[in-house]
Each structure stands twice: as structure tokens, then as C-alpha cells.
């Protein structure tokens, strides 16, 4: 099993999800985060004073996938979250020791 | 050391925490997330137009535990977060290389 | 590659970031979380009734770093997030199997 | 679903039948619909109409004030619902008051119990003076129903509340109103039994506020407390409202509206007493808010914002009955007492297991009782019954003896018996039939979603509100004194 | 950037020139600037001034009501922008109405088409009665421009909207206003062609609301729908507004202001008919809100809060023309019809691809049309043209024949032709030159950031609003009936 | 804690003693408490009472407007606190004005410095005309204290502010008010030294707004800037307010209230000049908002919403003194100048290290100075001192010479010297004793938690507000011009 985490653009979430759903990967958990990398921040004003919000709103998705699905999922995210502009984000593939489904108590791949 | 992450129902948070506290596991970090798995989404309306919020509010908890506590914690979460209905969530057991307590600089199990 | 996660005080975020930027580590993702450890909760009132918010607002930062930078980053966070008072938080060093930069498709250390 | 359909059928058919019956007979049997005759007879009519209408408009705005105050004191997940209740009770209530409420209140008295007259403002009622009276009285009636919604917030079925608010405005309020303002038996206590000038209530501490508060009390009792309001040992817990700023805006709007409520009740600017009434209204509100600030500061360790707001409301409710019959200093004393009584009353009802999310019972029922009684104490004998001519209303302190005080107490008892009695029976019947309270699941989800399919703030999520605040609650060691 | 600079240059130079030209000639050519002559001639002036001014102040507050209603119904990311629009259209509009709008509307009529008179309230216009008329009419003019902003919300360039609102208040509104209230051709239809008393519109269902709604329709059509409003198959989707409580506050404030709008339009408290007007205004609003509640409950499965609010507005818009000429029961019927029409109209325009985020076209244009026509049906012949003296306005049901009805229909057509025509041309021209709509990126980012560099709620983030609500949208199986 | 207890003891004992001393002597020594004598003597009393009371009610609502404006411009973590301040300063202030403020201001003059008369509205003061004057003046006094709270927002100890606001309303405001409106020395400058008609200030640019702004300036200076307002090099940084929509609602409510403030200051509707005053009030507000929109657009690159709102306020403050003595065009010029001055003044004070979160000093003190001076320039000699009878107020442009202008300047200096001087001493004393400012930790936590134990929006978290906005701030390269 793997845990795939990806930081993507909020606008792309639905496209990514649609692709995943079509590939029969329904489970997902979504975080609202703020991030900074190469993309430059947002310049705002208040009463004429400029201020900079350099941590931009980003969406993080987290998926628990079986080893065999892992590559496919990464591929799908890579394709659908891609715009080619700075700020597209990253995908992490993380090891997972075990996974348990609370409802049924199943564990491992069965828990996904 | 392990990192235990669990996605649970918001309503269950306190029950889970109470059980953990009783088992002398006080440390916890909580995220507000939205997730989708088998549970169906929420149907809302605005001016008569229906719309579907399919990502449901969920609570994610994260615990750093010593290897010896790991199983107990998983067990406790499994029991207390359980309702038997779709949407109960998952528990992940993740490896951790090291842990440091910022206040004291202690690391490893001492940092928990 | 490593994934460094740290739970810190919100007030300390900027100091930490400044130190990281100076060390040429620009990438970061930030979460608003609530946590409980040894620090005691917040006591509030509503119409004279006291209530306790025991999960305190905390900031979690997440960094993907190359193995060689890993120690430096941990060190920097440890120093700058430190106040010496209860509630300073923790730093986790987590293994990562792979990392992909969505924009370019690069992976591994190149993706950071 | 079933009852809902039936109810809507009944209502819509009622409307249809009435509308048709009206449309076949567009006969103008009016008295003075253009107003030229009225003006010719009374050259002060223009200024008195101006005064009364402007006052009515201010009172109308109190609907918005209540919406803000109640909305701010409930949780975000029930805010659309409380907004809808405030809109709905006024829209249906005004139609009810137009259909039957007004003649029940101001028609020819039947044995001092209720009135009969032109339903639907038809025929004779098509007259500038009658319409003027109608609008001023209508906005008062609207207030009574709205008050009840606060005490019943966050758990009442919308459908049931809708029926309740109709019944309050069309039946319960007008009948009690008839007793005091429509020439009914309470107003005759003086003539019949020599008790002062009979039960008097200048602008409605009893007629409006006790009615709303009494209905709210019946509702809150039959509903039971909100989930999470009490811990396992039955100790009350805080359920913080979602926007203190919204609540405070509500207080200011209500106070503004009250300047229509009280001084406007002369229905005439030629009663220059209006300036006295405006001052007593302002000072009693200030005194109530002032003392609630100090008292909560001492008692809770912090000056409590929403309690200070409630203190203003309590002071205003209390001065509503005596506003025209007392001096400035008495208004301050009445307001100070109201503020103190209110704070203790909120804590009392909470301890007793009666869960009133916005303190409506304490602010309106309890402070209303004090207001009615205070007339019998502080009325200073300088002003009569909506006129500068005697007999004058005189209380205990000014040598009026106990007659007026007794009349006031009788009114308090009659009001509570009538309102609490009828609403308790009605709410109980509704509870047993279509149900009064939403299900546990609906309450937890929030009424916005389940009753209206719509959340109030979709751009801002508040998913953890419950767990964040209520649970993990550890009773404070040092209890409130 | 370029056009912006030019525009600002032009505007500021205009102001400069005017100011200078005024400053060199501070000659007082006034009529009665102190008011003593007016008062001496007419002892009722004081009460009529009081009435008219207070009414004007209430109408003024409607700006705040519109800001809240529109603000609540747009997304958080566009809220600063809609606030700015409501501030800006009034500030620039009032200067435009002061400069040229007022004389265009109420000056000496040129062939019944437009008026000429004292620009900038100079010279002769320095008179208590003229200033009184100006302020009452100004706040009406302000309302018209504000209405359009709602239909064009969430995608219009601020710069362009700024010009538009100036043109509506300074030109389009006053010219049409001249036709009806300034002695222009529509008001002469009676005298010239025997059509009732000519086209009549007591407080502006047409003059104000149809104008605002018509301009809004032209704008919404030329702008196109907001991104995400329609799915790939062209089916409308929900774009929830960010604060239902804010929208409901807006409704209550607007309703309050309407009591200045309608009864105030007598411009005299000595017309005691004001009490009738206040009652018809209240009841029509209630009826509109009531029926929208029931109808959406049936149609959507839930009583819809913002539609109930819109129902109130539709009822109020509809009664605005007939308010002084109908009885209470007719006001209820007019309000009920307006509420129903509004709900269907909102759904109709939405289906037709015209995206009007707050329902301004349905509430103001469509309900306004119904209001004008209803005069020709329900006017009961008890009141004349702002006077108790005949001839009286009489509709079909009261034996007035079809004359009045035809005059009303002609007015509807003329209004729509003029307003929709001119605004369409102007907006089209602006679209081709400086542009009407922000870019796709700006719209997605939100106008607050891109147009004002400022977000409305910086302490509360709402980053996922789009994805959270719009996408993943699966068309509900059971469609609305 | 200690001082708090003592302070509360003193206050409550004061109240107790006063109340008791009143209660033992309920003797009615009143003049005309019922109003029949007054009405018999003056048949216009009814319309003038109607006018003055309605105007007072509008002014009252400004409390709610200030609460919204100030609330919207502070951070979410300090919103309950600013709400409480707006409630508290009015409730305690009105009691202070009732106890001693009113006679100090309007009692028999002692050497033109202060007045003495009936404390607590007792005895002779129990009269419809006296009460009428009291309520109109009271709501003005309430405004002054509220203005100061804005400049001192987000860091002042509640306890200290509470005392301050009491002192402003009970002492500082009434004494200066006596000089101008109570027959004091400033009003005698004309009679004594031939300077125009003496220092004149129609509705209080000086008496109300300069007083509030001057006290706010003293407070802001003694408090020092909020943490984070300046970067390490002392350059100002943005601290965005938490709700622009709330601030804009505040602006509209304030503008609405201003129509009571200015026209109401005639205290008589028989002064038909009220229509002129209403128009100048509207136009100056519009002009101020208009120019602030354009000017910030040019200067900052975006039309700034809250600055546009402040522009309206500045225009209104400036026109408050001259409103009755100038024409429409002059009102526009005064408003335009006020808007420009305000924007520059906000930036100036910010640069100088004086941190005024809502721009109260610029809007009220600075625009107030301009307003007073503008009387000496633009007054056109068509209206006298609250009467249509001469002598008329005449400025430089209309051949009035420099007399009036000099009287205005003397008033400005006297006002600033008195208000800034006394408040500086008082605040300094409080700073050295009970403390003026909360601790660093409390300020960072937010005053809602530490002063009231209550957060304003518990359902919505805003934990990262600080770091999100302030830090990581990189000074914009292209600086403002």
C-alpha cells in the first residue's frame, strides 16, 4: 500500500477527481492548505497600504492506494493537474505500514 | 515510533479523545478535511437549484506514538470511532524516521 | 528525500520561514490545525457560562527536502520555533518513496 | 410530508376562497378612504398621521433587529433557519392580522372578551384612520410572534413554527390585546372595581412582550433543551452564538425601533408627552445595559457583550408599560432593576433546564412583568390614558395607593394564564400531531440543511464546530458566584 | 489603463471647470432659500416638509439595503466589489442628478420629451421647495442605478459599471421620469387621447424599478453568464451566495425604506391617504413573501429563504405603482401574483441563459410591469393624481373601462423600449471600447482582488469555494417540476 | 483587578446614593410635564416635536453605524471588544449626560465657561421641551465618545476606555458644547468682539466631531501603534480589517443618521431650511466619497472601498458645521475638499507613527476643522442662527469679510486646546495609574478573549490571521506617489 499526497491547484481538483473516478479510484481526502514554492505571492492592499500574501491557497489531496494502483494514480494526477505554469505542485509517494477500515475492521488492501 | 493518522467522523472526535486520554495518550493534532469514499454526498439547494457537495466534512487526527503504544492506539480508535455505517473512515499506520520535541530538543520516543 | 513535518506556534511561522528562506529552502506547505499535548486549553465564556477549547490553534508546516538538506532544515526549525514554553510542538522526519513535480514531471530530488 | 401537504392545501385554499369572495364584490363601502373629510374635521390629522406612520415604520424595522439579534446568538448551522422564521412569521402573521386579528382586537367588544368587526379590512374599514391604526397595531403584533421564535431557536420544525406564529398573531395576541387596548375586561378593572384606571400598559410590556415571552416559555418547555446544552450531570454548558457583531447590530436596530414603539403609542404628536416617553425609553435601555455590563463583569469576571445587549433589551421591555407615566430618574431605576433581574433570570431558567438560546423569556416575559408592576409603583400622576387630561395614572410612591398596583398584578396573572395556557395546549397538540421538534440527526446537522436545504455561509466551512466547543468540556473549577 | 486615465481626466476636468465657473459667480438668484415666504404662504408646509424629508431619508437607507441584499447573494470573493458599486453608483449618481438629471426630469418640458432648467441647482433653484423635491427625487434616481448592479454582479468591470451608473442616473432615468412625472408625453395620454388619466405610476414601479431592471437585463445579456453558471449541456447550476443572513437583513432594510418610497410619494402628509399607502405597501410585501415561501416549498421541497426575500421585494415593486389607488385586499392579490410571477421569472431567465445573480430583472422589471398593469385593473376610483380631488384613477374592475389599462400598457412598452434600447446601445458601445466584462482569470480570482486589490474577509479564508460547490455537480435526478 | 474592583465599587455606590436620594424625594416640581400648556402656547409644537424626535432617533442609530464601521475595520479577534465599547460608551455616557452633562452644557452660564442647572433632569427640568432638548443633545454627546473608540481600537484596556468615555460625555463634551451652543464665550465672540456672529457650528463639526477626533488623537498618541503596524524600519504596514461589507453597512447607516444630525439641528420643522440642509448633507457626503474613489484609484491603482467610505464620512463631517448656511454647489466643493484632505491625512498620520485603525482622527478631527473654517468662506448670507431672521451668517466669498472666518479659526483653536489638552492629561493619568493599554500577549491573543473571554465568531476559526498577512511582508517596490 502507498499513501499518495499531492499539492495541486484548487481549480484542478475536479478534473483530477473526475479522472480518478473514471479509473475507479473513488476514495480521497482533501485539505485546504497554503503553500509557497516558486510561484510568487499575491499582492493586496488595505487603505492604500500594500501587503503581500505569499502563502497561496492550495489544495492538497491524499489517497490511500494499493501498490498496484499507485503508479496509475500518480500518472493520472500528473496529467490532469498539469497546466505547465509555475504553481502546479507536487506529488509524494509515501510508504504506509498498514491501513484499517474503521467500519469493518478490514486491513491492508481490503481497507481501501 | 509510528505516526498514526485516522480519518473519522467529526462527531466521534470527543469519544476517541476521551478513550485516548484514559489510556494516557494525550497528544493529538486535528485537521478539518473533506473526504469522499463510499459515503454519498450532501444535496443542497440555492434558489431552487440543487447542488451537490460530495466532499463531506471529516476530521482527521494524527498521533505520534511509540512502537509499543501503536497497536493500542489503533485499537482504541477502531473501537471508539466505529458506528458501523458507511463513512466511518480509515486508520493509517505510517513509519517515522525520527521525532523531535522543539521545546526540549529531545528526540525519538522521548519526544512524544 | 525526506518529508519533514513540524507542528509549531502560529506566531513562529514567519521566523521559521525567514530562516528557511535564508538557507535557500523556499518550498513549504502550511496547514491550520488544532492540537493538544501538554499545553493547557483556552478558557472562554458565553453569556457567563465558561467553556473550554482544549484543542489549541497550531500551525503545521510540511517540507519536502533532499536527504542532505534534511538535517539542516530540522535544525533550523528547532532553533527558530523554540520558545522554551510548553506548546512549542514537534518535528517529524518521515521517509518518502518518491516525489514528482507536476509542472515538469521531474522526480526525486529534482522535483523539490 | 403528509401533514405538510395538507396544511399547505388548507392555507392555499383559504387564500383562494377569500380572494375569490372578495373579488366578486369590489364594492366600496368605505368611510373616508381619501382622508379629505378626516382632515377637514381635524387640522392636526396631518402631523398625527406623520408621527404615527413614522413610528410604525421604526417598529417594523425591529423585525430586522430581531433577525440580527437571534441570528447572532444561534450557531452558524441554524442561521438561515432563524432568518426564514423572522421573514415567515411576519409575512404570514400580517396576513393573519389583516384577516381576523385586527377585528378580534379592536372590533366591537363581545362581553369584554374579544371583538368583532370588518374582517380583511373590508367595507367600513376602508378609512384612513382605521388603516392608520391597523398598520401601527400590525407591526406590534408582528413583534410578539418573533419573540417566541428566539426562545424556540435551533430545534423547532419550521412547519410547526409557521403554524404557531400564525396562531399567535391572528388569535392569541389580538384577544389578549382586546382585554387591554380594545376596551376589554382588563381595561375596565378601574371602572368596574375601582382599581386605579384599570390595568394599563402604555406600549405593551404585557400586550406585546409578555405575550411573546410567554409563548416562548411554553415552546421552550415543550421542546426541551438543545442537544449538548446540558452535560451528563445536568449542568448547563455554553453553546456560543455564531456572531456577536450581528447580535449587537440587532440590539441597536431594536433600540432604534423602540423609539417608534413607545413614543409612537400616543398615536398623536399633539401629545407632546412624546418627548418624555422618548427620554424614559432611552434611559431605561441605557440603565439596563449599564447594569448588565457591571454585574456580569463582577459575576463572570468579564463584561459580557451579549448580556449587556440583553440588558438593554430588558430595560426597554420594562419601560414599555410605564414609559409615559414616569420621570427620567424612575426610568433609570426601572431599567437598572430590569437589567439585574434579566441576568439572574437567564441563569435561573438555564439552571432549571429550560433552554432559551437568546434569553427571550428573561428579556421579554420577566422584564415585561416587572414593567407592568412598576407602573403601579412609579407612575407619577402627571399624565392620563393617552391624554393630558385626567384621570391620571398614579402609583404607590405618588400617593396613588395600591389600586393601580393591584390592577397591574391582575393583568400580569391574566396575561400569563391566557398566553401560557393557550400556547401550551396548542404546542402540545402540535407536538402530538405533526411534531414540534426536529429529529436528533436533523438537529445535529443543523436546521439550515435539513429544513431549507441551504446553508447560510457556503463559502466558509464550519465543520468542527461541535467538537471544537462543546465536548472536552471540563466544568470550571471556580464556579460562578 | 489607458481609457481609465482618460475617463478620470475627463471627469475631473469636468468637475474642475464646473466648480470654477460656479465659483466666479456666487450670485444668489434664489427664490426662497430661507423658507420664510413659503411657510407664510402655506401653514401646512412644516408638516409636509417633515413628512417628505423623513420619507426621503428612509429611501436613502435603501442603498444600504441593496448593498446587503446583493452582497449576501454573491460569493465572498466579489463582496467588496459589490459594496464598492453600491457606494460608487450613489456618490457619482447623485452628482450627476445634481448636475443635469434633475432639470432634465423636472425642467420646462421640451415637446414632452425632456426638461430644461437650472443645472447644478443654481440660481432660481435655490429654494426650499425645489431642494425638497430634489432630494426626494434624487434618492429615487439612486435606487434605479443600484438595481442594475445586481443583475450585472460578479463579472462587470468596475470602470465600465461606474460610467454606466452615471449615465443611468444622469440621463436615462431622468428622461423617462420626465415622460411620467415631469409632465411628459406619457402623462398626457389621458388629456390627449382620453386614455384614463394618462399613464400613471404612483411611486415608480415603472419609473424606478422597470428602469433599473431593464438596464440590468441589457447588461446581463451583453455580459453573458458567469463562469460555471451553466454546465456543459447548458443546464443552470447553483452558485450559492455567501451570506443568507446578510441578504435577509437587506430585505428588511429595503422594506423599511419602501415605507418612505411609497407613502412618501404624496410629498404631503396632508394627503391622509398615506396611511392607506403604508398598509398596501406592507400587505403586498407580505403577500409576495408568503406565496414565495409556500410556492418554493412545494416546488423545491423546501421553503427557500432567499426566494422568500425576493418574494417580498417583488410584492413591494408591484405595489409601488398602484399603492395609492387600491384597497388592502387588492394589495394582497397584487402581492401574491407578484410573488408567483417572480419565482417563475427567475427560473425562466435562468433557463434562457440570462444570468442574473440576485434576481434583479425578475424582481424589478417583471414585477414592475405587473405593478403598472395592475393599476389599470384594481384602481378603485377613490383617489386622484396625488390629490383627494378628482378625476380619480379607476381600473377595469371598478367600471373604469379599458382606458387606464391601455395607458398603463403603453407606458410599459415605452419604458422597456427606451430603457432597454438605450442601455443596450450604451453597454454595447462600452463593450466594444473599454470592455464590459473582466477577464476569465479575473473572474475566477474574484473581483475583490483584481478590481480593488482587497478581499472582503481577510481573516477568513475561502480558498476552495469553487471546487467545493460547483464542480462534481451531478444533475439531480428528480428535476424540478 | 484591584483598581477594577474599586472603580466598580465607586460607580455602583454613586448610583446607589443618587438613586436613594432621588427616591426619598419624589416631588414633582415640573414645568410642563404633560405638554398641554406648551401646545396651547405654540400650535406648531406638535410638528416641531415630531421633527426633532425623529431626527434624534436617526442620530441614535448612528451608534449602530459606528459599531459596524469600526467593527469592520478591525481584526476578527477584536470585534466583540469594539462592539462592547460601542454599547458601553452609549449606556454609561447617557447616564453621565443625564446626571451632570446636560446642565453643564445648557444650564445657566457661569462666566461663559460652564452651565449649572437641574442635575438628573429633576425638578424644573421635568418638562416636555427640556426633555426634547435633552434627547437630541444626548444622542449627539453619545456620538463624540464613540468616535474616540475608533482611533483607540485593538489595544485599549476596556476598563480604562469605560472611564474615558464617561468623562468625555459627562464633562469634556458638555463644557465645550456650552461654549458654542450653551451661550458660552465662543458664541459671544460676535457680540463681544464683532467677529461675525461669533463662532458658529450648525450641527457640530466642532462640538461633536472635533471633540471625538481630538480625544481619539490624544488616545492614539498615548497608546502607541498596534503591534505589527510598523516594520523594523518604521514603515507602516497594512493591518486589514476583517469585514469590508460590515464597514460599508456602517457607512450607509451613518449617512442615514446624518440626515437626523444636520437637518434635525434646527430643532424645528417650521424652519423650512431643513430641505436645504438635507441636500447639502447628501451632496457633501457624495462628493467626499466620489473624490476618495477617484483619488485612491489614481494613487493606489485601485478604487479603495474603505477609503471611499471614509470619504463619505469626511464629506459629512465637513458639511456638519456649514450645512445650513451654504448652497448645493458649495456643499459639493466642501465635500470634495474634505475627501481629499482625509485621504492625505490618513496617510500622513500613518507615516507619523500615529496608528488610528479606522481613520477617526482624519475623518472627524481634520475634516471637522475644515468644516468649521468653510463656514467662514462659503456662508452665503441667506440664513441666520437657527432662524430665518437676520443677522445672517456670511462668509468671505459673499462679502462677509474675515470676521466670521476669524471666529471660526478661534473656535478651532479653542476646541483643540481644550479637548486635546484635557484628554491628554486624563489619559496620561490613567496610563500611569490603571494603565491604558493591554499587555503584548493580550494584544496578540486579541481583546475578545482577554477582555471579554468571548470570541466574536466561534464557528469560524481565524488562527493564522497574523502570519497570513503581516509577516513576510516585502515593501512594495513601486511606492505610493
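Order of writing sets the labels: A, B, C, D, E and F. Residues in every chain begin at 1.
In the analysis below, a residue touches a chain if its C-beta (ideal position, glycine included) is under 8 Å from a C-beta of that chain, and two chains touch if they have at least 3 such contacts.
Predicted model, so just to flag it, every value in this text is computed and none were measured.
J.: Listed by label, which chains are in contact with subunit A and with subunit B?
T.: Where subunit A and subunit B share a partner, that partner set is C, E.
J.: Taking contact as defined at the start, I'd like the list of chains shared as neighbours by subunit B and subunit D.
T.: Touching subunit B and subunit D alike, sorted by label: C, E.
J.: Between subunit B and subunit C, tell me the centre distance in angstrom, where each centre is the average of that chain's C-alpha atoms.
T.: 18
J.: Roughly how far is subunit C from subunit E, going centre to centre by Cα mean, in whole Å?
T.: 53
J.: Using Cα averages as centroids, what's the distance between subunit D and subunit E in whole Å?
T.: The answer is 33 Å.
J.: Pull out every residue in subunit B that's touching 2 or more other chains.
T.: Where subunit B meets two or more other chains at a single residue, that happens at 17, 30-31, 34, 43-46, 50, 55, 58, 94-95.
J.: Going through subunit D residue by residue, note those that touch at least 2 other chains and give them in order.
T.: Within subunit D, the residues that touch at least two other chains are 47, 50, 54, 240-241, 243, 300-302, 304, 306, 452-455, 457-458, 460-461, 468-469, 472.
J.: According to the definition already given, which pairs of chains are in contact?
T.: Final set of chain pairs in contact is A-B, A-C, A-E, A-F, B-C, B-D, B-E, C-D, C-F, D-E, D-F, E-F.
J.: What does subunit E use to touch subunit A in their complex?
T.: Checking each residue of subunit E against subunit A gives 444, 449, 452-455, 458, 461, 463-464, 466-467, 471-472.
J.: Note which residues of subunit C are touching subunit F in the complex, please.
T.: Interface residues on subunit C, with respect to subunit F: 10-11, 13-14, 17-18, 30, 32, 34, 42-46, 50, 57-59.
J.: Quick one: which bits of subunit F touch subunit A in the complex? Just the residue numbers, please.
T.: Going by the criterion above, the answer is residues 236-241, 296, 299-300, 302, 304, 306-307, 343, 346-347, 350, 359, 468-470, 472-474, 476, 480.
J.: Quick one: which bits of subunit B touch subunit A in the complex? Just the residue numbers, please.
T.: Contact set of subunit B toward subunit A: 2, 6-8, 31, 33-38, 55, 58, 60, 74, 77-78, 81-95.
J.: Show which residues of subunit C lie in contact with subunit D when the two form their complex.
T.: Contacts found on subunit C: 34, 41, 43-55.
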